[in-house]
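A, B, C and D label the chains in the order they appear, each numbered from 1.
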């Protein structure tokens, strides 16, 4: 069955990442005399890894839907920036500098709505006007990097928002958004592999003509997935914000490359939502491991260790590369009248 | 990209820019600033005075060089998003090699010239190698170059940043930076005397553009490259080894990016800092190249436009309180519009402008 | 040269004194260093017939040119933030001898038109360390948060791992150890001055590992440290300005802030220019404990609640600085 | 209304379809009777696919009407057509290779239960269909389509249409990609379907197939319906004349000079194909100057790989290749071009020409290191322009404008340009892969004559083609390739088409000696 097959390919790649994490551990442990493992792998470490992974996983799931249907949404990073910013703006508009938990949830919803509105425009450019997907996606990033901080500066007189509030944890100190993300990931998997829409999405990316001749409007499928990808990236940004509690718009903004990692995550996961989420979790763990190293005083050059996920991406892509992109990615589809 | 005639490309580039600026102005107005004044400052700030022009040319020199680097790769169908990283590696290599070798050479103009040559060579080698790496990984490992080059940008920033703060930090300086180039390592600056701009740098840039244009249009290598970009399968048929071509294209692109890094260091900065603070030339270059439809000659006007915008940005900073992020946003919009030639074709058709379709 | 058409400044209000301030590579809106310098000008603009313009330039290579551009625009005073401006200013101070310059974090030897301000970040960090080191063994509660006297561990969260911040870290550790040799200091870097979440993660990891007080030198990302303290019922210490005011949301967990009077410095220089008395501030100026320009301010919410032993340690440290009894390994900007 | 008593299954009246200036269908009338098979014949580009696409709702006609089962219909999309019971199996299969057979069959018509695909229901329905027509498709429902051979893929297509409830089935050139055995099998399937009351439209270029299976035949030429005839009342000759508009010669081309010394020698060649399967298995061949060696075979039996091995586009696993006595096995494609191996590629669209380049730029393709077009690395565009103009002139490329883009030319003209370019500078060996695929009759003759001329001039030519007439017309010897091996080498004058067909299907000829001629006319080049 193709599902099994996907999983098989995915696990090889994820296995690569796990290996990487283990090697990192090994290196760390050789550097230290008797740092207890329980100081390194704590409950907090696991939950921070999860928290780190959520925005990335959301963006990744969105991105893979779009790409599965034949549209490469390279603008995830930009949509995440917009998502984080609009969540912050909404929270501030509703509750000033001391928003309530209700406002946080409203902000999440608003961020999704704003992202959907923006992605509709983006999707029209991509699908109706056949924009070059790479270029338009990069443009979204540029636009996000420019206009989100600009608008922040107009609202707050500073590119960063004042401290707002972060979402309260539910059981075991875990954010409810982690649960939400898990729910979305699983639902995405079910939709992709167990419903007709999933079939259509896959067909739209692999052989749009086949779908067209089956009487399904290819571009409608693509509109749906691209808008979904924007919504998920926006939600990812908003989740990041809801965890952090304020918007940082200086430099590369608080999103700081998570959208790019999202793309990498779904490539690792071989376009499987669960695989993508697992990859996001591994990236999260790698990052948090670096933090743990510092905390327990394993003296690695943190600037270099911070580069590990990037190196991991390159190594694993090369060693187990050859992610098979859907055949029709990047090609606008024009039904014969 | 979609095929189009040169004239059409130019029309689209102009229309994109104007549309983006127009939207930018609306945003300026909505945000409560004066759009008329903004336009005025755009013009004055980019070409309104000798200082402004020199500043524009300084930015443009780098935008054009990095833009050409991007164009080379994109033309050949290889998406080198890593020009920023290659630019950083190149510039850093220039500093390290010049600072390292300077004590061995006489401290005069002759020594300076030799050092410039060595530094430039180092930059070219470093940029070329740093680009060849993702080329090799793509050709022989199947690793998508868009992703690997983006990763390599992060890695270049982190790695050079680490070296600048550590091994190569200038012990005399309080700020985080390398030692400075000796002051006799300096481009002669005829006519315009500006400490950060030299006509020689501009000429180097123009010569590079010309050389790249000639290579692309008039050599077998260029023909192989461009053909690969248009139609991989036909290039293979014509005897191009696609794997080698990917590597040579990336290397070529990286060489130009490295050269841009050398110009940056020798003409402008004179030392190396944390690379997160050397500007985003390599990223904006993607926009520059696309605006020029990846044509190396077209990169010159496109680079001038971006140089002008950047220069106007700095003028606007000094002379008004419009946040500079606006300029970045407008640049993003220019790129966005450039990506959608079809939009303008449609508008042209509707309005009866633009004449023939096709 | 210089056909600058419309003069200078924010056209509208025709103030007598025009000041420009050029950012450090980190840019404005850092809620710290750069913003602090701007605050002094803001105050000056309220008190005097003065207006100011902020010029953000994050590309260090442009400093020489943008300083000159600003000088060409005819400002009465140009303030530059960060020692990255040093070399370009050495050139421009000579090129524009009639221009008044203020350089923050460094000085230019022999230039008679530059007011160079060196802020003793090392001393400031030391004070933060003293308070953290003293507090961690105390039994202290405020609102939902408490210390853990059983465990003598404190934390430090840096933004980027660069020599400037390394100097903060080192001096902080020296401050902690000066109070109590047995306190363990956990240190870490988020890798960014803008990624609040990254700073938050580092702080949480340290709190997990026993830290009950965390100080940050992470600029805008530092907000993440406060929220980590808040979420885990621990405490944090602010930097540069009284962050219990600027980050009001986190007032409950901010024990206090190690501050430097950078705003006062810019205010003072601006005032001198207004009074036509720039010469009085030319040359090396110090923002140090000795001058009363480096201090530790107790947080708004815990005002008066801090244990006396802690306040005593702090006072003792300040006196020792005044008597030159403390030798720091690191300088103000690097070790 | 016609005189027939029953309502026709499909009736097209006055259908006209224009693509810009091209009139693809010119007021075509067409009637499909219930429960019958109706063949649609015509040369490439005569408008067959277009007409059927209109019936299937893919295109809107400019004029004319469609009725199905007596009801006039307007189809805006294939979905409409399917609802009316019209299904189409395309020339290029409309399958998603990476998806399973099951997913493909139910695509767009997934039975749903609580929002999820009801796997059981889908399987049940497919099994019903399969048992009714004795299909084997239900045996591999969970296999991915890309793992099936073409015949099986085609059956998936048919099941897909039936699953969607089609009672009118359009099969667009279904036999083009099949082996003779698979063709037989398809014919049986079609007959079964007819028996069961389905109405079928069968598109083909092949007269004999149409005559074998169809009840009626309609011939299209240049977008017009030339006529409809009952199968019983027509002959192959009549149909051919209708298709082409004049009499057609099936004869072998005359040749005068005899063959010379070996120019290309292949020894024990083994190669792997794309899926790492061994596609070329220990092939020996000798090509002499002034000889045309034809390689016949059903697609996918290793011809493409063999050609790529000789021309340097694919690496060789074992064996040697010698050009005029020199070992060139290790030489890359570039060097082989420079050493005189010219190549007319199988796929002119994607390999032979850069679609967006002008003819001038295309004239350089492959020649970019060869004097006089290149002087070292430096190109001489004037020379290239002259060369392009020469080709256009000499090969009658239409439109005669060297600055036109290759993509704007019709297939035949593209092919003529390639032929002109490839033999422009006296190669020693020409490898021509399907040299007339998709080319109109006029151009076919032109290209054939040109190849013979070149032969007479002493060139060694290797022709690969799946068209038997072409192979027979051109070749001095024919090697038949089956599963990576030369199953036999035969004399085209002696062999019959039936024998060739059997050989192509892998039947060793040995047990039928009387029909067989000496397989080694020139001594060399046969398989061991």
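Following the convention adopted for this analysis, a residue touches a chain if its C-beta (ideal position, glycine included) is under 8 Å from a C-beta of that chain, and two chains touch if they have at least 3 such contacts.
Not measured: the values here are computed from a predicted model.
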| item | value |
| --- | --- |
| Of B-D and A-D, whichever chain pair has more C-beta contact pairs | A-D |
| Centre-of-Cα separation between chain D and chain B, whole angstrom | 48 |
| For chain A paired with chain D, centre-to-centre distance based on mean C-alpha positions, whole Å | 46 |
| Rounded Å distance, chain B centre to chain C centre (Cα mean) | 35 |
| Averaged-CA centre spacing for the pair chain D and chain C, given as whole angstrom | 76 |
| Numbers and ranges of chain D residues touching at least 2 other chains | none |
| Per-residue overlap in chain C, given as positions that touch at least 2 other chains | 160-161 |
| Per-residue multi-chain contacts in chain A, two or more chains | 153, 159, 251, 301, 303, 306 |
| Touching pairs among all chains present in the structure | A-B, A-C, A-D, B-C, B-D |
| Residues of chain C touching chain B in the complex | 1-6, 8-11, 20, 25, 53-62, 64-66, 68-70, 72-73, 82-84, 86-87, 91, 105-106, 160-164, 331-334 |
| Residue ranges of chain B touching chain D (in the complex, touch as defined) | 3, 218-221, 223-224, 227, 230-231, 233-234, 236-241 |
| In the complex with chain A, residue positions of chain B that touch it | 1-2, 27, 31-32, 79, 81, 137, 141-144, 146-148, 150-152, 154-155, 158-159, 161-162, 165-166, 276, 283, 286-287, 290, 323, 325-333, 335-336, 338-340, 342-343, 346 |
| Interfacial residue positions of chain D with respect to chain B in the complex | 312-313, 332-334, 336-337, 343, 345, 347, 350-357, 364-366, 368-369, 374, 377-379, 381 |
| Residues of chain A touching chain C in the complex | 39, 42-45, 48, 51-52, 97-98, 153, 158-160, 162-166, 169, 240, 243-246, 248-254, 256, 287-288, 291-292, 294-297, 301-303, 306 |
